[in-house]
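Note that the chains take the letters A, B, C, D and E in the order they are written out, and that residue 1 is the start of every chain.
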């Protein structure tokens, strides 16, 4: 692999690390966008330019923005940072980190098995992707439509403001 | 897309189409009764569509789907389960001050996901089916927003399902990276061609197992089950217990067939350990549980352990046993949750064990049904659960899984305790004579039908057995 | 067909009794009584004509009935009756009739459901005694648990739910192990013979590896000795017996325990001859320990029913001892013991029930000096207490003597140990009389002596126990054709002793 | 044995694990949701890498579906978080533990 | 002779009638049925005896019905009449009848009159069954049956718990012996394949050589049964306590009949004992030791009935001694005379007790010679017979025969003789101590009710019998009549003698007579022999057997029972259940509801699965 990949990969990893260590949620999300962008670069390097574009547009562009918007809507940014600082103590993160490190080691071991030496990168152009998508996988696309419909209906139903909230906590605070 | 393709996928298409129509119906006018009727009709149409299938031999709709007798049977099973849940739903939701209509859309969509799982033979369709179901379930679980615990349950399910999906995807990616195939037969063919199976592929299977195991609710991916059962509306809990778990189980069976999963002893052992752990953990957790919904959740963990034993017993007797047990379990679970649903009132679900005190003397019929269901769960004769358990043990003995079977026996005994505990409570003298409200006709009708089915299968299982057997034989 | 009717009528009667409660609360009693009397008449009639029947059929089987059930597994609804089953059926219907009578006044609530359960449990027991298909056997074995559970759990005394649980869980645990063994046997047979079948007749003489046979046999054995019950699996019994209503205790002690003994005679020994011989000393030792330990515990009890319950443990130890002695004497003794124990213990439970009706206590400490008030009951109790301690002239003696004489030939030391049980039986039995009827009464009881209904219940029992004690030959003759051939030649160690036929 | 495939997969693995650590150590539910997104994205990366190894479009197709799923997931998830926040007045996931035992 | 079944059947029938219809027939009816059934049985016995003797002493077997028949093993309800059973039957029915008659007076005021007679009839029936049985199982039936009746009658006055305890003690202690006997039966079934007496005895000689361990074991076990029933060492402890029953019971069961069942058993199975010399010697030793021990105990009792009880034990010891030395017919002879004079003594004592308003302590009696002259005379007759006053008492002839044969028979020796002689001396002392205490001296308690006719008539008859019954068998030295032993010869082998010497026999008789008189004289001189008090207490308590058994058997058993009342096996299961429950609690802790913990579970599962897979790949 060329240096471009390593640089992109390093950026992705470091920015992701920043994501998981930030106290401020806004900062974390911005770092995440950086990470996603660098992954888009990796996509490009791996011969998937269309996916790179989708990564930027949808992941970084749509999903993350949605979350940022949501966070801003709840006006959470600075308030929660303090809480987050309090929560994010070694006591909390050491155990899981060790566990995850073990998982990472295992994954690395598995990925770096010697048996698979072929390392060529084949470019798959968007046209092929499109043909495949709307060829054999047309039913899958329709299914994805169903999936999104489920998401929409679910989000619609759940996102509505509650008319009556019978939670005692709220009753207590309102009265 | 040929006509026969479409005809083969008719149940799926009918349900998808009716989901869209249902959404339009909601847009036109909200009416609970109409929506309910429509959903029932959709399920019935789906069931009818099973009978116009053009082919009896496996029909492959490349690359995603395969429609064979196994798929048709299980499609039928899922549709019947969904239909029974629908019967229980109307009254349950009618009592609650929510918008009820979206429930039916989501239920239809979830069923679509389940049906896709049943016929899929490709990672993509697997993933999409799974996610369609999951995302519908997020909405369903948290459906009753007025309730304290519903969001909590919904969010927990969402996060854990997404996490497990991530594992599933990563496992698939590993398999894909090392085999270059994403369809099950292709993966199987590749593995057969290479001779020694690369460990990374096995590890990929292992990671996929996390996703599958999460849906099945087996140890150690089981922890969501009680919380989600408790937090979700009762019909939804019944749905999760049956359709969601069942379709995943069927997918697992198909996958295992296609990749010759029984060849990998290491996977076998992983499953065996999971089965043992599931039985013990499930039963121990249920032992003194006071909340019947949670209790049923824990018992479902144990039951999945039992099913895994049958699953491990091999391709023939074992998988037959799995299907039979699944049928019995579906009937029983819906029946049990149905009784809870009927007993629930506007304010809260009938979920604490005290709610059942003296039920037999207050409402003998409902108590009889519940008793039958619990006995079936416990595997007592005259119920389908007994034949199911017998089938499992038979398969296990045939395969020589003595250790697992002895553990199964121990667990059955532990399990017996808590089922009997509920029965005992029901037969205690009632504290005060509180008259029961009017019983919903559809609910009672559905439950009675389920109980009769349960007893029929318990007394005369030959019919179902031969159907299952024929079906498995056509798969080879 | 008649065999199937035995079960069918009971089941039909059960449902009828349940439904009839809607009409009248007393109706279920009459239905149950009539159904059981009817069955008793038929069964007794068959027994009466047994000689002829044996002349007609050359084999041990008097009647058979077979219908395919689940051909996929080779399961059929197969029933057959030989002398042993017949005797057990007669006992079942006899005690069943009595248990309807005994609950006449005791059960006042939910009579319909009560009699439903009673008849249903009897149907299950009948099935167990008749079935010749191992799957069906297991099926009936489990079927009888649920109604029994209800009998204890709904109409029992104070701690009933706990007792019912314990009963259920113990027997179920044993039953499941038996299921494993049944299936093991099934597959062993299938691998050998190529045919999948649960039929008892086909599974007899299945060749199998020695080790396999032993393991499978243990599975069966555990189920049966839990039900029997033998030490150390007996602890469910005192609780269940104590807390059950009288009818429940009678059915439990009189019949349910017998299913375990029946299972040993019918299944364990014929199906696994090698393993049975291999384990025989150990099992007999368990039996002997049961005799002593049960007796000792019986002595220590202060609750009448609990005391009687422990005597059951002691008495059923004899069954275990005799069944594994492998000779005709002991075999006959075991069958006698099953019947006579059913009668004598059933009677003692009835007496306990009658006393409870009068005194509202089961505590021995609160009784005493009842003889002046209840001389009739005292006499009856004395008879059954004596039966329980094995007084000659009463049925139990014949049983115990035959068992001990038979098992002596197989295991003298263990038998000697068991014989000590006779002394212990004396100790605890006399304690009953002393504590209940003798001594001075705390207060002057003004109690009604035996009522007509109680007399009707107890007199047949007395007649039966004396009859069996003095003329047990009909029982012996009925069982005779069913005794395994290998038992006929006595297998004692001194082979040189030739036993001459008497002149 | 670093090849382009293994390198890409390793990157995916690292990102996946980082996401996992994040979800484990964060108590803020939005963070948890974001962490899941990291993991899903990592899985998608693995698919794309695998697709490039074999020169097939299927992996990329899969990535697109993952994207769709992630979108739907986030939308429902945010709706749920909103409700939960209204109810609990906090985003602490540990607070959402009323069901237990 | 077909109707000899009536002999046991009548008392049984009587018992049945008395149980069922006691209220209907009234007190007179009860008396009639109670005495009548036994009386008719006695008459039938007499007729049967006449026919038997007239019919050439032919054994007679009457099969009634088949009891058990399993393969080769056949047991019938079959009666068997020969000289031995005839002798016993006669004593049982005859003395039984007299005692019944006596009881109508003795028990006249008891509210449970009918129950008493029912039990007595049942007892007579069982006892007859015992002696008439043709096989050991039927004998065992009678054996246990009399045990039951003994239990019922000892505890007849059930209101006093002490009586109940005595009754249970009797039953249980004898049951211990019965257990040994049962094992003997098993051995016989095993080896001879039969329990029929004739078959056993016939086969025994074919099967076993003399001294064969099996037959020795059988004989020892039979002896176990015999010592239990006959209250010999070491199972003698129940008999003194058995005096808690009404006095007629003591007379009938605990003196005349039941306690001699052991003698009957050993005599009946004499061939087995002959084949087992060790066992036979043990019989003799048991008899010898018992007679001394019981004699000493009798000497220090204060309760009149306990004196008689110990005396009975002692006298049965004589019978055992006789059996042990092979003097079979001598034992039977002593059984007959003993039945007469002991019944007489008991009933005489009973008359005294009733007269003194249920006073049993001898030291509160005295001077009754004047107030109760009839009783005094018959009592004196009985005492004379017990002490074996030469020539004029039946006891003299029977006891003398034993004393002599203890020395002269083949199995005997001078040691046995000495014991027997000393025993006679002690007998004389305690008997006349009793007589003097009760009938002489000054009157300490006033006589309430002098005995009625129904009580006195049986006493007179028995007094006659205990004086003259001895003449059926006279020693060589005195007329040499051998009526009884001739009669018994077909059943019981005659005594093989070591030596025959009329002179020595004279000496033996003389010494015995002298010692008896000496004993009486000593007692006449001083009622109080200055033994150490401790020794007296020790003797009085039966040589500490009771205490020892209490410590060794009873208390540990009761303690064990009490300690383990709740059944420790159950603890195992409750413990298991508790363990399961604690597992449940531990597991429940994992369901904390905290999302991160759930995720942790999934991750751990993932790590575990991958570890297993990698480990496996690494290992294989």
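Note that a contact is a pair of C-beta atoms (placed from the backbone, for glycine too) under 8 Å apart; a residue touches a chain by one contact, two chains touch by 3 or more.
All values reported here derive from a predicted model rather than from experimental measurement.
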Response to the item:
In contact with subunit A as well as subunit D, sorted by label, we have B, E
Discussion item. Report the chain whose CA-based centre is farthest from the CA-based centre of subunit A.
Written reply: E
Discussion item. Can you identify the chain nearest the overall CA centroid, using each chain's own CA centroid?
Written reply: C
Discussion item. Can you tell me which chain pair comes out on top for contact count?
Written reply: A-D
Fill in: Separation of mean Cα positions, subunit B and subunit A [Å, integer]
30
Fill in: Centre-of-Cα separation between subunit C and subunit B, whole angstrom
43
Worksheet item: What is the distance, in whole Å, between the centres of subunit B and subunit E, each centre taken as the mean of its C-alpha atoms?
Response: 77
Item to complete: Go ahead and note the Å separation of the Cα centroids belonging to subunit D and subunit E.
Response: 94
Discussion item. Going by the contact rule already set, what residues in subunit D reach two or more other chains?
Written reply: 5, 9, 13, 16, 19-20, 23-24, 27, 32-33, 49, 51, 53-54, 56, 58, 61, 65, 69, 72-73, 76, 80-81, 83, 87, 96-101
Discussion item. Residues touching two or more other chains, restricted to subunit C: which are they?
Written reply: none
Worksheet, complete the sentence: Multi-chain contacts in subunit E, i.e. residues touching at least two other chains, fall at 588, 591, 593, 595, 599-600, 603-604, 606, 610, 614
Worksheet item: Line, ring, star, complete or other: which one describes how these chains touch?
Response: other
Worksheet item: Chain pairs in touch?
Response: A-B, A-D, A-E, B-C, B-D, B-E, C-E, D-E
Fill in: Interface residues, subunit E side, partner subunit D - complex
588, 591-596, 599-600, 603
Discussion item. Considering only the defined contacts, which subunit C positions touch subunit B in the complex?
Written reply: 69-73, 110, 135, 138-140, 142-143, 145-146, 149-150, 153-154, 161, 164-165, 168-169, 172-173, 176-177, 179-180, 183-184, 186-187
Worksheet entry | Footprint of subunit B on subunit D - complex, ascending | 5, 9, 12-13, 16, 19, 23, 29, 32-33, 36, 39-40, 42-44, 46-47, 49-51, 53-54, 56, 58-59, 61-62, 65-66, 69, 72-73, 76-77, 80-81, 83-84, 87, 96-101
Worksheet entry | Touching residues (chain side subunit B, partner subunit A) in the complex | 1, 9, 16, 19-20, 23, 61-65, 97, 99, 102, 105-106, 109-110, 112-113, 116, 124-125, 128-129, 131-132, 135-136, 138-140, 142-143, 145-146, 148, 151, 154, 174, 178, 198-200, 203
Worksheet entry | Residues of subunit A that touch subunit E when the two form their complex | 96, 99-100, 102-103, 106-107, 109-110
